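What follows is a set of structures to go through.
Heads up, the next two complexes both have chain A, just with different partners, chain B and then chain C.
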Partner chain A sequence: MLDQLARRTLGAIATLGVVIAAVFFATRLSGNAADYLLPPGIDMQTKQLMISQMGLDQPLLNQFLHYLQGLFTGDMGNGLYERRPVIAIYAERLPNTLTLFAYALTLAVALGLPLGLAAALNRGNAFGAAIMSLAFVGYATPNFVLAIIMILIFSFNLHWLPSSGSMTPIHFLMPAIVLAAPMLAEIIRFSRNALLDVLGQDYLRTARAKGLPEHLVVGKHALRNAAIPVVTILGLQVAGMVGRVVIVESVFATKGIGDLVVYSAIGRDYPVLQFGVILIALIVVTSSLIVDYAYAALDPRVKVAAS
Partner chain B sequence: MTALLRIENLSISFGRGGKTSRVVEGLDFTVQPGECVAVVGESGSGKSVTAFSVLGLTAFNGGTIETGSIKFTRRDGTVVDLATADEKTLRSIRGNEIAMVFQEPMTALNPVFTVGEQIAEVLRQHRSMDRATADAKAIELITRVQITDPARRFTQYPHELSGGMRQRIVIAMALACSPRLLIADEPTTALDVTIQAQVLDLMRDLAREEGMALLFITHDMGVVAEMADRVVVMRKGLKVEEQPVVSLFATPREAYTKALLEAVPKLGSMAGTVGPLPFGADPKSAKPAPAIDTPLLEVKNLSTWFPIHKGVPKRHVGDVKAVDDVSFTIGQGETLSLVGESGSGKSTTGRSILRLANPRAGQVLLEGEDILKLDREAMRARRRDMQIVFQDPYAALDPRLDAFEQIVEPLVIHGIDKGSALRDRAIALVRRVGLDEEHLDRYPHEFSGGQRQRLCIARALSLSPKLIVADEAVSALDVSIQAQVVNLLIELQQELNLSYLFISHDMGVVERISHRVAVMQHGKIVEQGTRSQIFEAPRQAYTRALIAAVPIANPIRELKGSVTKQNRALQPA
Partner chain C sequence: MLKTLLTTFALSTMLISAATAQSMTVGVQNLPPWLDPGKDFSNNGSQIYYNTFDPLILKDYSQAGATFKPGLATAWEQLSPTEFQVTLREGVKFQNGDLMTAEDVVFSFERVLQDMTPEYAGIHRQFFDNFASVEKIDDATVKFTTTKPEPLFEVLLNTSEASIVPKNYIAGLTGDKATIEPSDFDAFMLAPVGTGPYAISSFQPGENLVWTRFDGYWGDKAALEEVTLRRIPELATRVTALANGEVDLITNVPPDQLDTIGSNPALKVVGNVTPLFHVIFFNTRNPAMANPKLRQALGMGIDRNLLNEALWGNQAKVPNTHSYEQFGELYDTTDQTFEYNPEKAKELLAEAGYDGSVIRFDTDPVYYTNGLLAAQAIQEMWAEIGVKAEINVTTKWTGPDADMMVRNWSNPMYFADPAGSFGVMWSPKGSGSEMAWTPNEAYPALWDKFRYSTDLAVRKEAYSEIMAYVKEEMPFVVLYQPYESYGMRQDVTWAPLPGHIPYVLDFRAGSVTVK
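And now, the complex of A and B:
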């Protein structure tokens, strides 16, 4: 099992390396930043000066080495627009996004698992059907629609929640709900199906034949087995959340990394964009690594399946 | 004496609304304390459903008890009706006074908990033991079911144990609270024959020591003869007859029981004959073995190894020698049986010959041509001559193709026929295997297990092969169906001059169908010879152990206690 986890960790590091290289070259493919950054009608001499100041006149390989060096020393250069260190820009933005992620994840898991279990145990009656309809609606509603409806109801009509900003925890509530909605729906559906699948297994019959009470049969024997596929979904959902956070952050004006990356991409702000993409890759790779470790903890057979 | 278990007029149905079907109908029987009652029948006879109703698990399986009572005498002498008892009472009986051993040791244990925990949990539940006491008792139980190194086994997970060991763990779990009644639902069907013998011995000894009654569900008459005091024969939910075991075997009253007993392969019943013999045929009608001097298939020094990798990066640390230097020949129209326990390499040998596994060395000569050297195209063409029939007819057919499409697919792939000629050929093929034209439009789930295996055979026959590899082809079938399929194979051989490589762990069937037999152990052929050489004068201890382990369908006690056990002592650990 240690073999397996060591291999996964190495794989994660390699993935990150590939992303780092790909990000650098891909951003260079889209054209020269100077053309977008500098105002039109600027004289050639100033333009050359600006280009060399930004380091864009160096050969590509030199730029790449410089970029790698910066990555290891923590000096990612200055943002081309904001003219201050990239690290400082992200230090301001990242906590907001991470807070949002944490809220959304907690919400989705804390609500999704119990609802999924309830739906499985009430299969065929109205309660189970109601949960599944809710999950379907959550799954099918585009998140910007949900966001706007929520702002209309809770901010404009009821005045309960602030519609934008990221100053206090209460500001994160609506964006977190919108971000969590599709994930919640997915967790409900998957935990229900996983549990239903496990409930039909022979070893549950064995557990009942042993005279165990129902709460142990389901809570102990079924749940741990059902958790295994749900963990997979969690890993995938974290990756999906990274994509959705862009929209959610722009609708609620949360100062996070989502909209920063979008605007830096539009404006060819290479240093900001590169670091943003690397950060996102880091979040995704780390979460799938956590999923792998969680697998190993949940399922003793992981070792066997790998060999 | 009050009966331990008294089942009266029990009817159980499955399904909801208008589509209910009765699977048990008006069943009566009793089990006395310390007695072993066997319930025998084919799949669909309602025997397992009956077993689950005794544990009060009918509802969890989706069934309903319509009528009748299941009266059980508890330790304190009170009698409860398990058919109507509330869940709380049932829970205090399950695992405590009535325990169960299941058919599939692979799936009966929860894969994510250690086996020790799964035993200890029963003790904590019913004996209110604390964790440490329960764990100590669990280790003691693991010792009792004759597993070595119990302290280490306690901490292992089910996937780390062999099938036989898992079944012992399930037995240990069942014995934890010294139940008064142990229900065993086909407990050895999924096990190798030598392991089966050990597990049966173990269960009988433990039952005797504990004074525990056994309710034994099985389709295997050999097992019945070994275990039971009394036998209840069931068919389609009805009790056919009930007799003490000795008189049932000596004078079966009902035609169905007679047919069941007929279908049981009896080891040694073919002594003095040479060729394969259909079930129910006169020994004198057996055909002589064909001349071996025109070999169809020659396998020379075949080896197939599977590499073992370890570490980061993956290093090659060794090989599993699944097939190790194996040589044999099969003549035209001849059946060679490959016997051995699971893991002996017999299936891998079959797959290697068809190049479904990649041999690392050796030659496979089909009519003198080494097929291991053929390129893709040539091999594809050559596959026409060699077909395979698999063990599980449920998994070997595509559930989304109808029978016609399944059967003609090989013909289409090889471009042999098309259009209306396909239909004619398919009709001829299904008739050949004893099915009808109308069956062609049905999907696999509409067939019974035996019919599906006939379809698989028809599919294999479609290319008029010279050799058919039958990999445990009848092992998953009920005994009477098994007899029919074996008879079909023998018939086809005589008609079409087919050669078979018959891979099986079932010595009884092997004796029926073989001209010659090769015994495999740990990837090697340890003994090879004509059927009579192997069955009447086996030279290797391993071969003798395999034969001795077969439950003998003869319930005379002296035989069981002495001879078989002595023979079993010979078998390797």
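And now, the complex of A and C:
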């Protein structure tokens, strides 16, 4: 009998399979690439030649088979605009997006957990209320608004930070903060609530009653049990971050895959768009899978319940 | 503490860009996905080629008229109406060190004339349709032969599409080092080499490009040691990057941002009227738009001066006909092809039997500066004369669609002759005619008389006749020549030169200084 994790893993693979097929047909349904990527006013003869050079005059089924074959051989084709391998285009851009993700995740977790903890322990006083107000503001502010406010303050007025680009680590600071903001807010709220929930449990009273010092009560017994909802949130937030990175990268002109996917969607650059969507699906599916495995590591009951 | 740290950090990053006055960073709205002057007439590409490539014949770009100057050819002579011979400059080096030879010149044209890729075939049709052959006479002489008499040898050999590229370098890029394969052209697009004053030392398609001064350049050495182009698509980000000192110059500043930049004492705005027309054109093959009187009425219903005042602060230029100052002797100032006359428009509508049905006006949301706003204003102007229009905003190029009715477009000047602007779109085989207009049987002969006559007076007269026919048929309406603005730091001295085609970023000697 399959256990929970094996089923999850198979589910993840099936999801990817559906994405791979759906993205091919969805991109084709969205319009003919030739109507978008050739300069307005190109003559018909050149247009026809270009269409056949790009293989877009082939029957859809042939194109699909070619695409599937490419997936297995690692040949994802050439970008219709840049005429170079899609893999090479992403290889140039993926590091920037991953750097941005890493900064944002680190920022959100490193600040969110202590702040959530502090808010739980200081509930009812001004300090706790201040943290929670901040979290609500962070949660409610649309990221493009936050991005533009930050650019106005730190670049336009104070000249402290570069407004755009991805040349040095400092260029990633503002985009990472904007990307992290809603996640930070969520982590603060959820870790506070989870901790409050756990703090009222009987086993904590027992722990205190047997004379454990307070830092061990909170740090060992409470935090570990409060961690499960927080891990769930992290998993969901990675998916959310993929959505937000599209906006963040285009506002800050970060040369990452979000920016690339937007432009390939507008320009109907099928090969680039396809690979981008598959890559994003892969990131989301993998992070959900990691969350599933993390549950099992944190809470032995997950495994037991499954089998 | 944090503040000091951040300031130091920020200053150190900023100083990098402003460290040497011999370098400059430009924030551009768009960068091309590939580079090859022989394949490309796009606005994106036009920004780049002039710094890296030379054509055989150059010209004085500081003025609108055509004063040709020696480029890679030191002398030229028209042997007969169909033959043109050039003498090549000696000792010209490509940026990779190769010496330019007559073989390179012949090859540069043959790749286009022999349609070696679909894009070359397109340039062949649009620019060099009349060219029959190019041959090497001796090491320093190359001869061009055309099918019909050619009045435009100098103009055509001056185009960016006629830039000279290194044959051996291209052949050696992929596969067999000695033969030209299609993959060689693909590889060249990512690592282009020319004879111009700046070598492209780094190119990430659509992202950034670095020009480095080419010390082996045959002419005056480049003005700057290094120029970096960075694509910053968002306008607000581009303006901020300029205000923040991250870039020294930005392109594509729309009229509503001129004050934001102009009011900053460290910055300034420079611009010019571009040799490019924003137009609207009708699908005359759509039964709803087939009546020329309806099209004339729609043309007369547009108050172009009001558009200029409201959208461009009167900085754009509203022409009477399809003609640019850059045409020199052929600049047409007398024809009145397009005019505003709402009363006459109403009469024409009645004569055309317009029944009040809705006319669909297609526009891209952002492609043309002020394009959507102009469409909305025209919608209101047409309502004044009793025409109902609805605006269809789409990023799709609907030009060739059978159900297209009206849409906006631009007619750039690809080379400084009516053939290089009006002709590319509206000659019998032009892309506009191909999409949306079927001229009468007499038109091809009239066009040929204009295009291939070597007598200037005949050409002038023929062009007037063509404009009279356009006035009658009204397949399109020229709105205006937009005013293109650039924002830059006060210590940068640069301006777009009137002798260029639109969007050229000319950083050659004498064109730019950075203090």
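Rule of thumb we're sticking to: the second predicted complex is superposed on the first by the 293 of 307 C-alpha atoms of A that agree within 3 Å, B and C clash if a C-alpha of one lies under 4 Å from a C-alpha of the other, contacts with A are read in each partner's own complex, and residues count from 1 in each chain.
Everything that follows uses one rule, which is that a residue touches a chain if its C-beta (ideal position, glycine included) is under 8 Å from a C-beta of that chain, and two chains touch if they have at least 3 such contacts.
Here the structure is a predicted model, which is why all the values come from computation and not from measurement.
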Combined model on chain A: chain C and chain B, fit or clash: fit
Superposed arrangement, angle subtended at the Cα centre of chain A by chain B and chain C, nearest 10 degrees: 160
First (chain B), second (chain C), both or neither touched by A:46: second
Touched partner set for A:59, first chain B, second chain C, both or neither: neither
Chain B versus chain C as contact partner of A:74, first or second or both or neither: neither
Partner chain in contact with A:209 - chain B first, chain C second, else both or neither: first
Partner chain(s) touched by A:300 [first = chain B, second = chain C, both, neither]: first
Chain B versus chain C as contact partner of A:200, first or second or both or neither: neither
Contact breadth on chain A, by residue count: chain C or chain B: C
Shortest CA-CA distance between chain B and chain C [superposed frame, angstrom]: 39
Chain B - residues contacting chain A, complex: 55, 57, 60-61, 90-96, 99-100, 102, 104, 107-113, 121-122, 125-126, 157, 159, 170, 173, 308-312
Footprint of chain A on chain C - complex, ascending: 6-7, 9-10, 13-14, 33-34, 41-42, 117-119, 121-122, 125-126, 186, 189-190, 204-207, 230-234, 236-238, 240-241, 243-246, 367, 395-400, 409-410, 424-425, 429, 431-432, 434-435
Touch list for chain A against partner chain B, complex: 3, 6-7, 10, 201-203, 205-213, 216, 221, 224-225, 298-301, 304, 307
Of all residues in chain A, those that touch chain C in their complex: 31, 35-36, 38-46, 49-50, 53, 79, 81-84, 89, 92, 148, 151-152, 155-156, 159-165, 168, 170-171, 250-253, 255, 263, 266
